[in-house]
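The following pair of complexes shares a single chain, chain A, combined with chain B in the former and chain C in the latter.
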Partner chain A sequence: MAKILIVDDSSTVRDEVAGFLKDNGLDVATAVDGKDGLAKVKADPGLKLVISDVNMPNMDGLTMVEKIRGELKNTTINVIMLTTEGSPSMKERGKAAGIKGWIVKPFNGPAVLESLKKLVA
Partner chain B sequence: MTDKLVSKVLILDDGGDASLAIKQFCDESNLVGLKVRKNRLMAVLKSNIDLGAILYSENYGHTPDENADIVLRIHAIRPELPIILRRENDATLDGVNESVRRTFCAAYTLADMSGLKKVIDEYIFSLVYPNALVRGISEITDNILTNQFKQLAVQWDTPYIVRDRVIFGEVFSLIPIESSWCRGYMMLQTEEDAILSILNSHTTFPTSNFRDVNSLLGEITNLIWGGFKNRFIADATAIAANQIQVPLIVNHKHKYISFGTENPQLCFFYTLSDAATGKTVKLYQRFVFNLNWSPEDFKEIVQDTNELMATGELELF
Partner chain C sequence: MHDNLDNKSAVTLTENEQQANPMRKIIALVGIAIVIFLAFTTFSVNVSFQSSDHLTEIKDLYFPVLERVDANIVRLDKMEETYTQAVMIGEKDMIADAEEHFAKADAAFAEMLKLYPARQVDITRLRERFGDYKNSAGKATTLMLEDAGSKSKEATDKMIGELKELRQQIQNFRASSYENFVDTLAQSQRAVKLNLYMGMAIGLMNLIFMGVLVFFIRNNVRMMGVIAEQNASLERKVAERTAELSQKTNDINAMLQNMNLGVCTVISGNLIHPEYSNYMRIIFDVDELANASMMTTLFAHASLGVDTQDQIEVALSAIIGEDAMMFDFNGHLLPRETTLVAPDGKQKILQMDWSPILGEDGTVDKVLLIVQDVTHLRELELASAHQKEELDIIAQLIKVSIGKFNDFVASAKKFIEANRELIQSRDKIDPEVVASLFRNMHTIKGNARTYEFRLITDAAHAAEQEYDKLRKNPEAVWTPTQMLSELNAVSQAIQRYLVVSEDKLGRKGRASDLLSVRGAFVTNDEINTLQSLVASVPTAPATLCRAVERLGLIPLERLVSGAIDSLSSLAKELNKPTPDVVLNDGDVAFNNQFAVALKSSFMHIVRNSLDHGIEAPDERKAAGKPESGKLTFTYIKSGDRTELHIGDDGRGLALHQLYEKGVAIGTFVSGTPPEPAAVADLIFASGLSTATQVTQVSGRGVGMDAVRAFLKEQGANVRIQLSEVSGELGYTPFKFIIDLPASALHH
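On to the complex of A and B.
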């Protein structure tokens, strides 16, 4: 059962992040946008962590988090944003939506691996 | 590097005295003068060569008819380029044959190069690009390319101004640039085969196809836009609710893109080189501020270094 869901409209990012996490022994699933991510969170109660982009077509990442907490009433799954966005106002919106952390792209796997492992432990 | 922008101009002028004077003028005016053999002229104009203008002598053709024929063909191939006519005695277009007069934007004489300077300022350096913006874009992009292509060396040329609308390569990305001080697009242009070749020689992407190129170019575009926002746009919510848009025209046959404005474009050129294989990728980056350009409101964001998180690191809440 997958433990980490990568949500990003860029296949380059999905491949890069998922490949790194799999190489380091983690179970990974992927979703192509917020709508897809929301459906996969709903379908898989075993997910422990979502790593999501913010700017995506169909549904953005922050709206997805708000729906995970609101519509799905899932308050236990950890969510981290992986995005080019770095403005304080955007982070505040993320905090209000209940995210756990923020990574400004590009993804630096070795720098965050141990923290991610703790979040899915 | 220098923050000073340059622009390439094509010099179609065989006069010996004129060549020296024009070369000196170019050196003093941040222009890179290019020359081309007459029999290669049309082929060069049809190729991808970033130009700001053409300096054309009224004696370039051997006869008035040949002169008219050449300039009409140039204008047909590159109608967006200002063609500036050098005349022997008159710094106006008065008396120029009506059939070709409309192809020229202005005239000048060797006796008074200040007239040419005014035309260059009007047609090429008409928009003021803050040095911090030009330098910042280069730094952001260089950093992202270096991160994305760790096995490649990234080099970039002096940023420059172009007026042509020709698309380089087979694939390009576009992303809207939205802020309170500028609105327009950033465009990245490159060659598909060159990127594929690099990707396929990289073990992470051994069987890449054009969709991988699309995705990679899209992500690089996204990363640059993110860096641009973080460095030059303080608060996205401050963006004026100005939703004016104009149609963009892409003509595939002529590899031509128009943003509905004659404004010069801010252009950057990067070369990614693989020392092991000798392969290179050329990447053109253009900024087209066609919807709003208010550099007087431009401000570079200086963040408290104690608050800065390095990219790629996790900030836990």
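On to the complex of A and C.
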């Protein structure tokens, strides 16, 4: 049972983020888009944190979060978005969907590791 | 700085609420007191009325009635007396007098009936009895006067009986009336007493009540006083705090105005908050920063790429207004140092510190940015570091004679040039070239270490490390550009020493320990001329020939002294005492070229000996040896053989380990060890070391490999001579023997 789910359509990002977290002793699963992510959150109630890209095919990250909160009625799982842009409207939408916050790309593992560990502790 | 701090008092006054409750209580108490008082008054009035009724009754009823009853009793006596007198004196007219008394009594009864209707029956009966008595007394009197004998006696008896009865009845009536009178009087007295007691009780109650009320009011008054005092002190405090706050605000403003530190906060939208330190304007050369966009104002001239600027902007928007944790996630994207380039090309190095300011809900309200202009500081740091380095170099240089230094530089330059050529001559990895590169660099490093030229040692070590990687991995990528830049770093380090030596120490000139003959400088040409001159004189004395022959040659003693210069520092590094050096026949001399090769060889041999051969003091003591080791250099000439023997009194060569290495690299076959001499010879193989640990001093196994290569270039051979060879492969005493070619001893 993984604790963190990495959702990104780029295999490079997935490998990098998931690889880093795994190397540092965290249980990590991955999903290739919002749809896949939603299914995995539904299937694994042990997940504590989702780190997701925003722009993805099939289903974008914010829609996925809205569905996690709405359809799955899962209000406890923490969600952090990986992003390269910080438009106010996007931030508003994220806040409304109850995301924990934003991590600006590129993902700097060592800089964020301790904080991520706190979120899944 | 246009914003005033919000001075509104946060205190909510609840005086009205606090006062309302006591007021209500007081009103309630007073109300209750009034009700009780009214009730008492009503009761008291009622009792008074009752009492007054009783008194009226006494005055208007009992007194007149009893008066009349008493009067009638007297009248009865008078009637009896009158009748008796009438009989006694025989005056019939007196009967009329008695009847007159009766008439008055009867009138009194009539009045009594009116006064006292409650006893109408009794009064009427008494009246009738009174009448009966008057009639029978009148009749008896008349009969007595008429002296009617028995008749009169009968009438008299009747009269006496009636009178007795009447007296009895009238006394009874009086007694009962008097009883009623006393009763009524007692009732009236009781009512008055009750009224008095009730009044006293009510008075007492009211007194207690008033006491409570007074106490309560007093308390409330005191409480209100306290509240008022508190309010006053609160107001005072608010005033004080306000003054303090405004003082602080002024202080902060003064600080912001005058501090030589850029301070500002970044708010939502990445805008600069209107409160910022004046120095911000100076640093960033702008007039107004309030509500300006941070990115365009502060970083317009910063040496940050577009992408980095974009990242800073997004990072800030991912932090401000978000959970405090987002600073941990994105804070690393905010620049800690940047260089501002002004339009005039002047550069400013800015150090930046970012920290989140949290709101009450735990989200980041704004981000505090502290900017310091560290341009001057960095320059000073750089200058100071440069100066310190220079001082270090000077300290290192003055320990080394100019001659030795020049020799070191010449030799190092030679190796650097050799390496440069080697690097440029190949476009892919070549193990032999790599081995040579390594060997050369290792020699530079070793020589630099000998003189403790730290900067050169470090640069050479870095280059050597790269070669080592190539040596260990034949698949590695050949990177000539990188290798040349590493080589240049070594070259620059040497140049640095050279510049300091010449400019700061004034040690210019071409002095060389190898070429100079104490105080005089003789060129090779001059020597050659002199030698050919002497050679052309057949009669020249042998001593002169020999002296001239030795001109320009370098004696072994000086070469050895060069190698042992480094012994004490090396020994210190290895925690061993400095070994003794014994030199036999140090008078032999070598030509310059050979001397250079020998000097480098000695360096490696001495290092190896001290590091691997000579044991630690404890070990030596246990083996019955003196704590300090001994190195021996011996020159031997026997026939046409000229040899240089170099040995130590250490533990000897680890033949068993050498054999294992040999097996590991495929030189030997496991299980069938060759002759010990063959095993010993492996020490000259490239990249081999028996040391279990690579130390800074030696241990890469390159030393002996380099020694053999250097000497071979000069036509000499180096080998190992084992002594006390036993059947077992183990630590075996040995010495290096260098077979010197005849050319080594001449020009």
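Going forward, the second predicted complex is superposed on the first by the 121 of 121 C-alpha atoms of A that agree within 3 Å, B and C clash if a C-alpha of one lies under 4 Å from a C-alpha of the other, contacts with A are read in each partner's own complex, and residues count from 1 in each chain.
Everything below uses one rule, namely that a residue touches a chain if its C-beta (ideal position, glycine included) is under 8 Å from a C-beta of that chain, and two chains touch if they have at least 3 such contacts.
Computed from a predicted model, the values in this text were never measured in an experiment.
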Query raised in the report: Who does A:S10 touch here: chain B (first), chain C (second), both, or neither?
Result: first
Query raised in the report: First (chain B), second (chain C), both or neither: which does A:V112 touch?
Result: both
Query raised in the report: Does chain B (first) or chain C (second) touch A:M64, or do both, or does neither?
Result: neither
Report task. Scan A:S89 for contacts with chain B and chain C and give back first, second, both or neither. Result -> first
Report task. Check the residue A:V79 against both partner chains and state whether it touches chain B (first), chain C (second), both, or neither. Result -> neither
Query raised in the report: In the superposed arrangement, which partner chain does A:V41 touch: chain B (first), chain C (second), both, or neither?
Result: neither
Report task. Give the label of whichever partner, chain B or chain C, reaches more residues of chain A. Result -> B
Query raised in the report: Across the two complexes, what residues of chain A are contacted by chain B and by chain C?
Result: 80, 83-86, 91, 100-104, 108, 111-112, 115
Report task. Within their complex, state which residues of chain C touch chain A. Result -> 269, 310-311, 313-318, 321-323, 325-326, 328-333
Report task. Going by the contact rule at the top, pick out the chain B residues touching chain A in the complex. Result -> 144, 147-148, 204, 211-212, 215-216, 218-219, 222-223, 225-227, 229-230, 233-237, 309-317
Query raised in the report: What residues of chain A sit close enough to touch chain C in their complex?
Result: 80, 83-86, 88, 91, 100-104, 108, 111-112, 114-115, 118-119
Report task. Flag every residue of chain A that touches chain B in the complex, lowest number first. Result -> 10-13, 16, 19, 55, 80, 83-87, 89-91, 94-95, 99-108, 111-112, 115-116
